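Handing you a structure now.
Labels A, B, C and D are assigned to the chains in the order they are written; within every chain, residues are numbered from 1.
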């Protein structure tokens, strides 16, 4: 019975649609859970700036406020370890997801970002048997997710030597930054066969190619509604084919249920893996329909889903 | 010879020289083939920094400590609200623009109200304001991306005789800014305030009125930029302004405007904006890693400012 | 004076030439200072007085000519060397650090104050020197200089220069030290200079108040256009002779003009008693109202308050009511980055513009007109304001206010450091403007100026304690009134 | 009775009062904070911020502004988490070189009369780039001694409070009491007259910058000690935070008017303001905005106290 337990969400960033979808999912699912008396509170906290130091302070405050569990999307996999350790020492269950932490006392619900990067190349290898030049749009330098996805992509390229990364820019996971960076490098690039991205910047890349009046390559999308809509438009117009892959923002709700299960005394492995959410040519329409205008393709988890994930990890 | 010497004395010339060098090095990579494409891209993206940069320049001219940190949040808010209001409807383009401008006016007044009423340094007042504005942007539609009306999207992404429309907009705004600064009473007034507020007050300048107008002007330009940028990139994002915080300050100071206030120039902003875009493009083109690229960007900025040199001293 | 000190001058400048761009500030100056003499240095604004003392104290190296301390022809030069030879300088513009306390400023000015306990030693040195020069001063040495009045800062700076910290000063240069001091403080300083010189020290004394120079200096050097034009013992000069040597064309000082009684009509300006104490204030059209009293007793505050209450801070009125001439140039007078012209025209921009755009031809005309009217010494009005000498900067501020069409002009001791030739010209302008109906409210620390006013208010501790009219305006009455306490309004009623 | 306060103590009194008020509010909302561990949790992350604020304050003393403070502390954190534990000598050499670089920067800014904002803006890219080069992905390991120091539990008073007091006292001595402090504040107040008194402005400026860098290095090490490891973006927000801290503590942008004790209090206030907010439980939409609001409230409080004090002074 966890009806007297309090769970907090520590979130480091709210400045993009993915995070907003994540917060919305959290609100929706935990709101119902609180109403149903599953837990007594599930508050969400967001820091003003995307900074590990600020989030560490936030976690310390949560310790003071006496939460029983902290669900954490971390600004840094390592820089919060000090605060997380303190929380564990205070007897608090810490479950990290998406942006996971390396501190051993915490649980981790991870997406295999490296695999995500590799899968992009795998897909391309199937599509383009002759290979070709790739343009890589990376995220924010120095952040672990960027490093992991990029690492996967480079691994994939090493396995498929027909591909060559002709250019690499940092789009900081922001549409306009990506567009700006791509537009700057594009004039000096040779023919580009495909653009590999980390999510959220596919549309910007497409715009930049259009502005430079260059043929649109295969651009891997990141599950944003505008990307999917653009893809659908192209698909209807000229049969454009690509794929879209990202982590579902609703994973916050999975983390919530996992935390609840741990508080309930359930034995849960420290490392859980969730699949990333992939959209292909055939299920594009179905996914596009489900995705709210301007939002991100999403999956929300129920208690049963969570239990399945926990059990399958054993 | 004399003309050349005069030119060398202009503080903005150095940013243009640096721009030319970087541009040349970049197109060398493709043996010159990329010249047109690169120039067009540079003009397009520099246009946005120029628009916010002009506003920031007016504020910085007001003297030490004057800086508007609410620029990124302002851009986000105006983009979000305007696009939501227009809702893909071509007929709503002008009302959307109107609302963006009004938002700018409101935030500008808010900024100055904090500065004046709480007597706090602008840097803190506008930072606080930016948090509030950012929250407003989140609250409006929680980061949902709405497409701009087709007509507006077309306008912002296309060009006129090879010159991007946004660059033309930036040019028109620059000319107005230049006239304001160099030829108008208002320009003299802000320069005077930048040198000494007490002296300006005793010379009969309505100091508060002028400062308020300047903060409003800056917010309106940021708002306008947000409106254009959101339309250009196919929708507003909650983080779309963040790039422009450092950028707006950097283009002003690299462009040769005195950080101490009281002295400013518009052409420099163009040089600096093009330069900052091209530096990143150049380093990207030559495939340098993020670390090296950052280090190089920094070193180039410092080198430019070193060559351009400090200002001449007054009476020894 | 013994023969040894006669033969070894403290400092010896030979054929010094300095130019700033096109301006030849010094065109070959010889100046020898011996121990035990006070050299009075006089000359019109921009004659080169500040420049030669800057050369002597090592702040400027001459472009030609030599400078020798203690007769060492090839000794080191520069600031450190000059200080090492006991040369101290009180600059024309105040040069203390406003954010530091008086004690800390002493530390800055005296590098010899090292080691533990410097605070105590600095405090002792500066306190005793202040007590010695300005007995009865009320300066708290642990306060920040920025909190002191302008006169107090000047006192501190003077005391710092004379202070003996490890090494006694040999030559103290005073560049217009009395400009911000009222008569009684100035007299204290002059008395100290005389004793100091009698004890074997040397002083270079720069002032535009010739009476001070004549009564204090042992020798007077007159400069004109970057040259020394006369160098004789004081006894050989009279006031008229000095004026003549300076080349000023000013005739004998006219008799104090006939003060006019204008108090019949409605006052153009009136204020209730300040802080509810003392007398109310009134001014009438065309009147010249003087504000007198010891410096720092609320005269400037009243002017500033008057100005604020009658000029818009949010919108500029179409017809400005008041114009202001600053006395504290660096604080609320000049715009240091601008040219002379822009500094001059800034207050009348709305008159010079059409549709908010400035008519530059008009502006240049205005500049030329005023350059001629009050003789601003510069080859080009486009030069930076800081290239002007102190007195000439002040003239620009004066022109700025007169160029405005305002019916009331507030003047905050505006003649600081203006040479007597110019002063007379300015007085004439003020008079004729007053006759044309302008009202001047004039705070001054100089008795001569107060005495040409139509009516005078005397201040003490922030309040008006006396009103003098016409024939009552004279030095004794003003001094007497300066020391009366303000009565609260209730007590009067 | 007439209250006779010097400008300096007023400058201190006001931030101290705002901190007290805020602290009372926090205790009211969360009584649990009123304990040894509670205080430590509230304040331990303030230690590196405090050090960075002091560093910024030193730069502001000479009328400059350091926009690279955040990236520099991040850079130091990266060095501290990589080289210091494994090759202490190399690590120390890098940090010393960084301090020297700061001194050179200060000198170059003075000699060439460059605007410090631009130069440090450029340097922020340089430090950021170096940090990414040293630590492309987050990680590293804090030196054991730093970790021990930052998690130590002195008797009676928690480490965070002890550290803040020590920092305040030491820097107060350096900046407000020592000759060097007087010199650099003098440079901020009136460079020209300091120069005329025969001091070397180059040395003063270089010294101020080097000292600032030294405190920033301490900030980086303290930060790593708390977080156990580093990443290249770890302290970016220290730039604005440190400036805000100095201002909250009564410092000014120009004129050499600073107060080390005030700066420490300012940094603590900022940290506490964040905690205060999370104890309030505001809707996520408005949490960011509330941070702005709290800054404004704290400053409004400062204004109020200022007014009261003025009235006192005006008799």
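General remarks:
We take it that contacts are C-beta pairs under 8 Å (C-beta built on N, C-alpha and C of every residue); 3 or more make two chains touch, one makes a residue touch a chain.
No experiment lies behind these values; they were computed from the predicted model shown.
Contacts with chain B and chain C are shared by D. Across the assembly, the mean Cα position most removed from that of chain A is the one of C.
Annotation: 34 Å between the Cα-based centres of chain A and chain D.
Centre-to-centre separation of chain A and chain C, using mean CA positions: 70 Å.
Chain centres here are Cα averages; for chain A and chain B they lie 32 Å apart.
For this pair, chain B with chain D, the centres built from the Cα atoms lie 29 Å apart.
In chain A, the residues touching two or more other chains are 14, 23, 48, 141-142. Residue positions of chain C with contacts to 2 or more other chains are 59.
Residue positions 131-132, 136, 287-288, 291 of chain D each touch two or more of the other chains. Under the touch rule stated earlier, the contacting chain pairs are A-B, A-D, B-C, B-D, C-D.
Contacts from chain B toward chain D in the complex involve residues 64-65, 69, 114, 118-121, 123-125, 127-136, 138-139, 142, 246, 249-250, 253-254, 258-260, 289-302, 305-306, 309-311, 313.
Against chain C, in their complex, chain B makes its touches with residues 179, 183-186, 188-189, 191-192, 195-196, 198-209, 212, 258, 262-263, 314-316. Remark: chain C residues 59-60, 304, 307-308, 311-316, 320, 323-324, 326, 331-338, 342, 346-347, 349-350, 353, 356-358, 384, 386-387, 400, 404 touch chain B in the complex. Taken in their complex, chain D has these residues touching chain A: 30, 32-33, 38, 41-42, 44-45, 48-49, 131-132, 135-140, 223, 226-238, 271, 274-275, 278-279, 281, 284, 287-288, 291. Interface of chain C with chain D (complex): residues 57, 59, 79-80, 83, 89, 91, 95-100, 104-105, 107-111, 113-114, 118-119, 142-144, 146-147.
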